[in-house]
Structure formats: structure tokens, C-alpha cells
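Each of the next two complexes has chain A plus one other chain: chain B in the first, chain C in the second.
Up next is the complex of A and B:
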């Protein structure tokens, strides 16, 4: 694709122009994606970018943050001497798939050779069109602007499939590298995870900006479809630059007796918006959803979660923790729906926040809507500051002020971190938190 | 070791210490008694460097250095320890992790290598025995869910771990039953080595039966209004504070 900057004052028509050109280049590839792509384009041209008055975007003025024009990136290569190990979160037993601006980079990716486990770009998957029934089946393009936008640019999604009864022995880490050295690039990574009956897989989806990349925008979509009695551990790790705007839409569909653990860790970025939608569609589904967000300076992080209890006897447990420094702004909106048929539901939700400075801000809104009568549900949100008495206590024992703050915030976020089943990742994340805290302003 | 001259300090615009003088020499034990609200905890907090308190005048020298200019952590590293009247609960931070961080930060300030896990455990075991505290308490969060007595004992345990030069105990005896009181007193006495100094704030002469002070002072209305030896404590126990208040009024 050639380098092109559109001087369009209207971001939506600018994106659509790019999409037209994109389609003319890519429709020859994965033909089974054409229909979806058209549907995405239509949905996006109808909705455009979320507006001020959109209730779901009340505190996140993304149109303003995005500015005017974006174009597809012209360069897909990793800068010379770039060391991938900086991006790998786990060492042993991990298969790494590298995507630059949503385009797979086979030279940098591992080939997964494991009986019954597929993890590759669609172009490398035999009979990839078999996934047509799944791709786009849970992403809600009629209500989610950026899911629609992502779908309009659908090209070569990452496909992870685990066959019935197979427990993937490898963790799969997807490394998304974003941005280019010219201005205003946009990209649309897409992932599909499908576990067949009784299967298990652990996936880490991580987002980084390329070094020296300029202002850029990434709208990622991940769909996770779990068949009966299967289990997915899914981690989202976001460490992009202060000039990257990142939106993610993540959809889970849980069938009978299936289980999901998701952890969303927003470490760095200019503006991050995560939408996590979990549908418990059949009995005895179990969803854990946890997260930590640490915006500092001018950063703006927004988490919207929706747990939809459609069927009876399901369980969901949600804990999100936020620490805000500088004049950062965080948003948490957690919806839990318990539908009329979803008797014997257990649904728990909690969101706790610490503001390190007077200028930092949090808008938190737990929303519980219950239409069944025999359920156990709770929700709660707290916002506070670091405990001065505790801080003084630690300092009076010889612990320096920064270290003391660190200890307290680590203890605070630890509660969410302890929900992570993978101990290695827990330690890695704890270390990331530690590093971020040491630069956070109070 | 510690020289306080004409110290005036207050909080939220209210003057509480109104020209306080006190000298504590190496190895000495000073008891401070006085009615509620007279400023004892204020003095302890000002010594530890709590910045809610404003120093309005006077000077505090510790081993010749101006304490007032130092941060709380630097005071602790210089060898000052405050056993709090009301120890704070810190959820999520384990006692052991907290103490290891503290011990090693203090060691670092002294140019010493950090203790490794093994040596730290050995030290901890020894000091736990001193205050007859269960090892299991160290894996719990700092003071969280501790009983009043356990919190006080934990303060003495920390003191034993950190080995300060000057320890200020703010009503460490309050709320202790007689057995716990003895344990705490034994802990303190074990650390009396002729060099380490103590300022013991208490309402009860009972404690002073176990920790025998070299000097007893009465703090009243922000000043030390009377000083004496351990007999003064007995006299206060017997007669209360009214006679001192009268003396001051005259």
C-alpha cells in the first residue's frame, strides 16, 4: 500500500475512502471475508465515530481525541535491530505470533506444531473458510462503532482453534506492534479464538507501539467462542505509547459448563478504551473478569464491561482496580444483566480506585439489572486516596516515600493480580506495576 | 543523644507544645507522664517527623544533627523509632515483607549489604522469640485484624528488628493484660544495652515497675513541668495530677 495522507476534515469519510481502496487491493485474498467486510463497512458508515452525546461514550470523547484524518500504514516492517524479547511476556512454553499494524509477520512468528491446536493467520490456515460460522458471530457491529470499523478492514485475522478434548500445552502470545513513523496511521487487528468441546487454551494478547511511531489509532476486535465444557484464559496487556489511541472490543460466548478467565491490564497509552462483553448462554458457565488500569499524566483509560447472564446457574466474578496519577482520567462502567430465565445466578462485581493526585479523576458506574428473582448478586465501587497514616507508618520505619507508596499501591492492586491463574504472568505484571508506579506523579 | 530546646509545635493552627525542654543521654530511660491531651503523642509524632504537625519554634538535635529538617525515613535510618499509640493496619502488605523492606532500607543507608532471605528469617525468628510472638503473625498483613495487645507487641517486635538508637514508646502498655505487659517490658529490657535510649510515655506506674526509668517527667499543657526520678511516678500514681496543675498555676 502506498503512502497516502487524506486531508479530509471528516474522519469517517476519510476512513471509508481508505476502506474502498483497501477493498480493491485485498478482496482477492480471503474471499470468504468479503461479505463480512461489506457488512462492517455499512454498519460503520451508519454509526460513524461515537459522539459526545452517546451515553456509552459519555466520559471518553474519542472523536475529539482522534482528530481528523487517518490512513492505512505504508510500512509493515520492524525497524532494524528491534529486539522482540522486549515484547515477550513469558519465556518457556510460549508460541509467539507477531502482527504489525494488524498484518501478520511470518518471519518473526513461531510456527505452532501441536496436535489439535491451530494458531496462525487465516492465510496460513487450511480451509480457513470453515471459520466463517464463528468469525463475526459474536462481535456486535450494529452497536459497537469500532467493531464495525474493524470488520470493514477485515483481511487476515488471527485464528486460534483448539480441537475437542485438547489442552493446549503452549501459551499463545500475540504481539501487536502498532504505528509507523509517519503521522496518523490506523490499524485493525482481528483475532478469533475457538475452543471445541472440553478444550483449553491460554492466550495473551499484547499491544505495543513501535519505537518512534507517531500519533496512531488501533481498533482491535477479539472474539472468543467456547464450546461446551471448554476453558479459555485470556490476558490483554496494553503498553502502547502516549501517542497511541487504542480501542479493543472483546467478546466471549460461553456455552454450557465452559469457563473463562480474562484479565485486562492497561499500563500505558494516550487513550485506551476496552469493551468486554461476556455472554453466558447456557447453564453452568463460569466467567472471571479482572483488570488493572494505571493511567498517569494526561492519559485516559476507559473500561466498559458487560456480563450477560442469559441462562440459569451461571457464575460471574469481576474485580477491577485503578490507580490514577497526574491529571489522568479513568472510567469504569460495569454492567451485569441477569435475564428473566437466569435463575440461580451468582454475579459479583467490584471496582476500587485510588487517586494519587488531586487532579486525577475517575468516573465509575456499576450497573446491575436483574430480571430473575432467585439470584445472588452484589456490586460496589470505591474511590479513595492513599492512606496517609499508613504512608507515615511505613516511612517511620525507614522506608523511603516512593517505596512506601509503591508498597501500598502494590498491595491495593495485588487483590486483582491475585486473581490471575498464571503465576509467572502475575509476577511479570507485578513488576510492570512497580515500574509504572515509580514514574507516576502524585 | 537527644536535645530538645524550647520546642513549640502545633496542628491545624493550634499550638500544643509550648516551649518543651528535654535532654536524653546515651543509655538512659526517660518516662513521660501527663494528663490526657497534654501533648505526649504530639511530642512523639514531632520526633518521628509526622508532617501534619508544624514546628513553630525551638530546636531538636539528635546526635548533634537537626532533626526537624529530616524526613521521617531519614530519622528512622538515623536510629529513631516510634512505637505508635495506635498502630495502623495496612491491608495487603505482609508483616514480613514490610519488615524486610524496612531492615534493608536502613541497612542500605548505613552502607551495608541487604540481608538475604535466610539471614532475615534467622533474625526474625530470634526477635519473635523475644516478644513471644507466633511466626504465623509475620505472614499476615501489617496489624490487620490484630488485637490491641497483638498490635502493641508487634511494635516491640519491629523495634527489636530495627535496633534503633532511641526508641519512643507511646503508651505501649495501654490495653495490655499483665502477662503481655511483662512480655513487652522484657522485650524492652533485653534491648537496654547501656547505649540505646528510651522515652517511655505512659499513664501507669505499673509499667515502670518492669521498665525502671532513670528519670520521670510530667508533661502538662505542652511543657515539661516537673522532672524527677522513679519515685515521682509513685507520687503521681498516688496523688493524681491536680497538685502539679496547682503548682503550675502558682
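Up next is the complex of A and C:
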């Protein structure tokens, strides 16, 4: 990549040093995995850490936020007295997989390997080499710096596979716990979801910081490959500490007649960057992508989405909502790309923002690039504040100012929340929003 | 091939109608660019020392800059040493009446349809006609000067009103602003200057007609419009270029200063030669246009109809500095065959209660690419700023592209910013509806496209609106009645 600006070289060489050490330990495994790691490493050393001159990172100065040096953590265990139930978004009817700093923790996880559904670390899946075809097949390491970085440290990813025609009766819940008590740790969680013909699965992937953890950096990658007529509901929930930098790259590849539903909920973190790439590769694909981001204080949340309409007759619908308090900074960049052959495409995109305080800022860039003529595409973006008339209406009816504000903001974000098919999760998220709003500064 | 496809093909394969070359002897500078050329131009124009210094400073700056690569347009590298930077029609004696005008030039204007004689008779529009870089004749100057309005060529202004030029030149678009602005600042040959004094409402529409004539020349004109407190002016700019095989560069700079309660309305109809069907030739139109609403309650409005040029790359912008100031941008950009356009606007809100409106209509046909790129920036102190943007794209063929790149940067919580964009093609149902009512497909497309652009055409002054519709008709060859 000639046009990429190599960022802070110190951090890049630091990460690469760690990678060499890492490889010396793990390279005895499968050769193909090692090849993948080398490709990732090469791509990362070429790209480095993005600088703000990079158009995709224009508003998120991650090199500055990252600072100097990171290393792989040495402790992988859950500190004593930690109750896992704090981290479970769903209780009933789930399979829970726990990862600490990207490494599976079998004693805390339910393993599910059945006829129809597999949800386990790659090391537990006997024929995990069959995932050779899928692992790394949709992650774009040549363009996404942190995807490359993650691939360089690839080790025992979480594998979810649903066999043809199986409707997974259980929700698969992946809990990522991040950070250690020593300084500047980094980790690279990786997930692969594959649904065969006509299969269905619901996956919740959540990110938390371990208590008392220090400054840390996490670059997660999730790849989702949907075969014909399959359906994946995917939720991403991010509630990490104010000393955590979290980047996620999520890739969807949709085959004919398949459907994806994705929801990205950014609640807490020092700096969060979500890249969501959806490729509609065959006819009649249907992608729904929704999200809510609620940064407060000094938090910086950045959502980049790309919906790539490669084939005709596909549909995509996107709605992201943001509420910014304190001196938070939010970024939204939604790209809809309609290729020459993708006739009869319907693509909709909308991004609405509310700024609660004078110091908060939003940079939004909804983007359409269209090369086919018979399409219906639209996008809209708004930024505003709470409606004074509505506020007055509520206050005239004896509702306190704070409560009235919360009510209005809840209603505002509710629009995106209503797109969630899972009612239990919808209630859980609504509660999280409510709690966050009550501490948000106006 | 269906009836509709045939019409679309006809529509998208129109030839350039204004491709004629006037045989006027030119007084050219040698090819290439160096400090001597800058000095040559400055000496030719008999410029004062400070302006030469200003040019040289810009030139030295330009040498340090690199050509921007971010726009969504593709073209072969420009050889800046292969351009003639100064070209003036030779007979330069003072003209006392229109009759003394070179008959060739008059004929050129007649072909352009802006006959000076007729203009004078109608006493409606004052034209400052520019052929290749030197202003040939400024009409109505006397009528305007009675009101204290200065409307003259840039070189005359340098001689006659150096204090105004010194004060405002480069105040909105500094020479170091961007690559092409720096180039223009170094080598600009002429342009128009307009000053409306306090409280004066300019009684007629001021107009400049630009025309690139000589082969291998770049057109680097510079326009400066200053509206003092409470003044109003409506300014029209039109451009045509003859048909030539090589690509010609046009890098102009337009600066507008609007003082307290002043209003400037700037309209452009641009139909430079777009190149032939295979993308050979045509004008590279790399223009920097920017206005500043300096005073409170001032207003600047840009209206543009862009049908020509092989590559159009311009973003008429407004800096809303004064409180309660208003910025507007209305645009129709038509691209056909191999044309490329990357155009839009920038609205920079600095003052309180500032408002801006952006209406952009893109029409692409053939194998062309049409991009809207716009920035709305609400500065931290711009309380209660308001913006509304609408960017619609219409696709007329299956090999063209339509793109939207809006940047919305909001740093104040009391701002309201709305952006919406749609992309579609001319609906089969719309055409069917017209067909049913006895309107053939060709006319139906014209009707629909014209209706689609109406919001912008309504903003144009009467004479221009008619011309814009005619241009659209030619761009869409015969489909418009």
C-alpha cells in the first residue's frame, strides 16, 4: 500500500517483536495457520498503524492514542472473586464461551459440539482444519491494518459452525475479558462463524475489561460466512474500561438468499473503532445493520460500515444512532457501494445524532458510490439536539428535567433498538442505555 | 435495442456545438513556467512592484506543493511546462465604440449568442467579455460608475484601484490555499473585478463571458467581487471553449467578500468543451471559488450549471463568519460520455445563527462519473447554526457512476444539520405515464430531467435560466423540446 502512511514506527516494531516471540512458541502447529500468520505480519509491517492522513482514519487519531509500546499479557486467568454472571447478557438457553485476552478459558466455558451445531475453540474441534477454507477468507488484511495485526497473532480462534438446515436452538454467547494488571497489554480475539445451507444461528459477542486492568489494546476480528439461504443474527456489545482501546473488524459474506442482522452497541471505552464490512455476493441477499453509540466524557467512538452490493436484487438497510455527552467525540462513516452488475439494488442508510453538551462533537460521512443505474439508494444524516418543545411538554406535565431528557433520548435511541429481533436482548440493551444516560453529562 | 435505449444513446452521444476556432492573432508568451514567465506576465500587464512580488511568492509556494490526488477523477499527469501561460488577442488599441471591435471577436460573440450590440440595445446585462485572458471590452462601465460601482477587468482595476485590490486580493483564497490556487496566483492573466459601494443595489446583472481560444493555453483568470455594507449584486459567469484535441487546463480563482447586510449572488453556466465521445480532448476545469460572509446578516449564493469540461473539479464555498449570515449552493452537474465531475461545496459555519442550504443535482450518462463532495462544518462557537443539504443523482445509463461524499462535522450542540441523498434512474413508470398522455419517450425524458433540475434553474437569473435549459437540451441532445 503506497498511499498508506506508516504510523508510529516504535509501536509497529514493538508489536512485530512480540509477534516474532509469539511465533517461536506457536509455529509448531499447523503449517497453514502459520502461513496465515506470516501473511498477516507482512501486511501489518507494510501498513503500520494508521495516521490521520489516512482518509479512513481522518477523525480517529489512533496512533496518538495508542502511544508507545504493547506486549502480550502473561496471565490469562480470571481474578479471584469474579462472578461471571456480571458479564452474561443472556441467561437462559445459551452456550457461553469465555475468552480472556483472546485465549479460551475451558473451565468457564460451555462447549457445544453436536451433530448440528459446533461452538468451541478451534483446538477442541477435531477436524478444525476444515475451517482452513474459511478462516481468513473474508478478512481484508491488505487494507485493514488491525485485521492484519490480528491475523499475525492468530491462535485458537472461536469456531461456530451450523450444519445445513439446522436452526440452532441456543444463542451462542462469546464473552471477551480484556486486560491484565500489568501495563500496556494487547490481545487479538478471533471468531469465525459459518452457516451452511438454510441454517440459522444467533451470536452475541461482548467485550469487557477485567477489573483493575491497566491500559490495554484489543484488536478483534470476526468473520461471518453465510451459505445459501442461511441466516445469522449477530450482536456486538462493547463495555470496556476508559483505559482500553478496542478495534473490531467484522466481515460478513452473504450468499444467495441469505440474510444477516447485525447490531453494534458501543457503551464504554477509551477509544472504540468498529469496522463492519458486508459483502452481498449473490442475488437476493438481505443485510440489516444497526447500531447505537453513547460516548461520554473523553470517550471516542468510531463506526465505519461498508455495504458492498456485488450482485443484483439485494437489499440493505442501515440505521445508526448516536448520543454524545461530555467532551466525547463520535465518528460515523457509512459507505454503500453498488457495483456495475448490481442492478435492482435497494440500499438505505440513515445516521442520526444528538449532541448533549457543548464540548461533544460528531463527524459523520454517509457515502454512496453507485455504478449501476437501476437502483434505489438513499442516505440521510442528521445532527441536532433535544427538541425544546418536547422537553417543555414533558416538564409542563410535572416530569423533572433530567427525567424528561432521558425519556426523549431513550425514545431517540429506541428506534435503532426496535430493529433487534431478540426481545430479551432488546430489554437488556434498553436497561444499559438507561443506566448510561443517567450518568451522561449535558 | 428498445426505443428507450435508442433515445438514451442518442441523448448521451451529442456533439459539442460550440467547437469553432476564432482566427484572432494571439500575442503568446513562450511555453513553460518559470519565474521569468511570471515576470513576463506581470510586465505585460504593467503591474506594480508589490503585485509582482505577490505573484513570485505564490509561484515559489507552488513549487513546494504537490498535485492533490484525492478527488474521484482520473487523468494523465499534467505537464505544467507544456502550457502557454499568457495569450492575448493582438490588436490591443483602445476601443471607443463597439464598432471598433475586431469583427472576428464580434462574430465569436454572435455565435455564442451574447451579441454585445444586442446587449447594449436591451440595456439589461453589462458584459465584461474575456477572450483568452484579456478583457476585450467592458460595456456599461459608465452607467455603473455613476452609482459608484466599479466593474472592470482585473488589470484595469490594478491600475485604477490598487488600494482595493491590495486590500482584498488573496483575502479569501490565499495564494497558499491549494495547488491550483497557488498556480493561478502566480500566473493569472486577467479576470474581472467588481466593487459595489455601501448601500448600492446594482441595477443590472453583471456578466462575464470566458472563452478559451488559442490552442495549448491555460486560462487562469481571477475574479474578485466585493460588496460593501448593504450592497447587492447578481453576477453571472459563462464559459465556452472551442473543440480541440489536446486537454486544456483552466485553473481560475473566484473570491467574494460580502460585508454587513450585503448580498452576492453568483451564477455560473459552464459549458467548456467536454472532449469527444472517447474522452479525447476537453477542458480540465480545476477551479477554486470561495466567498466570505464577513459582516453580520450578509449572504452569498452560488448557483452553477455544469455541463461541460472533461474534468470538473470545484467546490464553491462559503465561510459564514458574520452572525446571522446565509450561504446557499445550488448546482446541476451533467456529465456525459467520458466526462468526470467531482464537485460540491463547503459551508464553514463560524458565526452564530448562520444558515446554509445545499441543493445538488447530478445527472450522469454515457461512461461518465459524477461525484458530489461537500463539507458542512459547524464550528464550536457557531451557536444555533442550521444546515440542510440535499444531493440527488440521476443515472441515464448502465455504465455511468454517481457518488456522494458528504462530510458533516458538527462541534456545537445547538446545531441542526440535515443531509439527504438519493440515487435513481428515470423511472419506467414516469416515462410510461408520459407516453400514455401522448408525449413520446424522447420528450418525456427531457420533461423529467428538466423537472428534476427545476429547483436549481429557478435560482438562476431569467436570461441564464433560458440558456441553462438550452444547454441541458444540447447535453441531452434533442430530448428536450
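As a convention for this text, the second predicted complex is superposed on the first by the 426 of 442 C-alpha atoms of A that agree within 3 Å, B and C clash if a C-alpha of one lies under 4 Å from a C-alpha of the other, contacts with A are read in each partner's own complex, and residues count from 1 in each chain.
Going forward, a contact is a pair of C-beta atoms (placed from the backbone, for glycine too) under 8 Å apart; a residue touches a chain by one contact, two chains touch by 3 or more.
If you're wondering where the values come from, they're calculated on a predicted model, not measured in any experiment.
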Chain A as common anchor, with chain B and chain C clashing or fitting: fit
Contacts of A:381 with chain B and chain C, given as first, second, both or neither: second
Chain B versus chain C as contact partner of A:94, first or second or both or neither: neither
Touching partner for A:365 - first (chain B), second (chain C), both, neither: second
Most chain A residues touched (candidates chain B, chain C): C
Partner chain in contact with A:401 - chain B first, chain C second, else both or neither: first
Partner chain in contact with A:355 - chain B first, chain C second, else both or neither: second
Partner chain(s) touched by A:392 [first = chain B, second = chain C, both, neither]: first
Contacts of A:414 with chain B and chain C, given as first, second, both or neither: first
After superposition on chain A, the shortest CA separation from chain B to chain C (Å): 15
Footprint of chain A on chain B - complex, ascending: 48-50, 52, 71-73, 75-77, 81-82, 84, 87-93, 97-99, 101-102, 105-106, 109, 141-142, 158, 162
Contact set on chain A toward chain B in their complex: 387-390, 392-401, 403-404, 407-408, 410-412, 414-415
Chain A partner contacts - residues on chain C that touch it in the complex: 70, 378, 380, 393, 395-425
In the complex, chain A residues that touch chain C: 55, 340, 343, 353, 355-358, 360-385
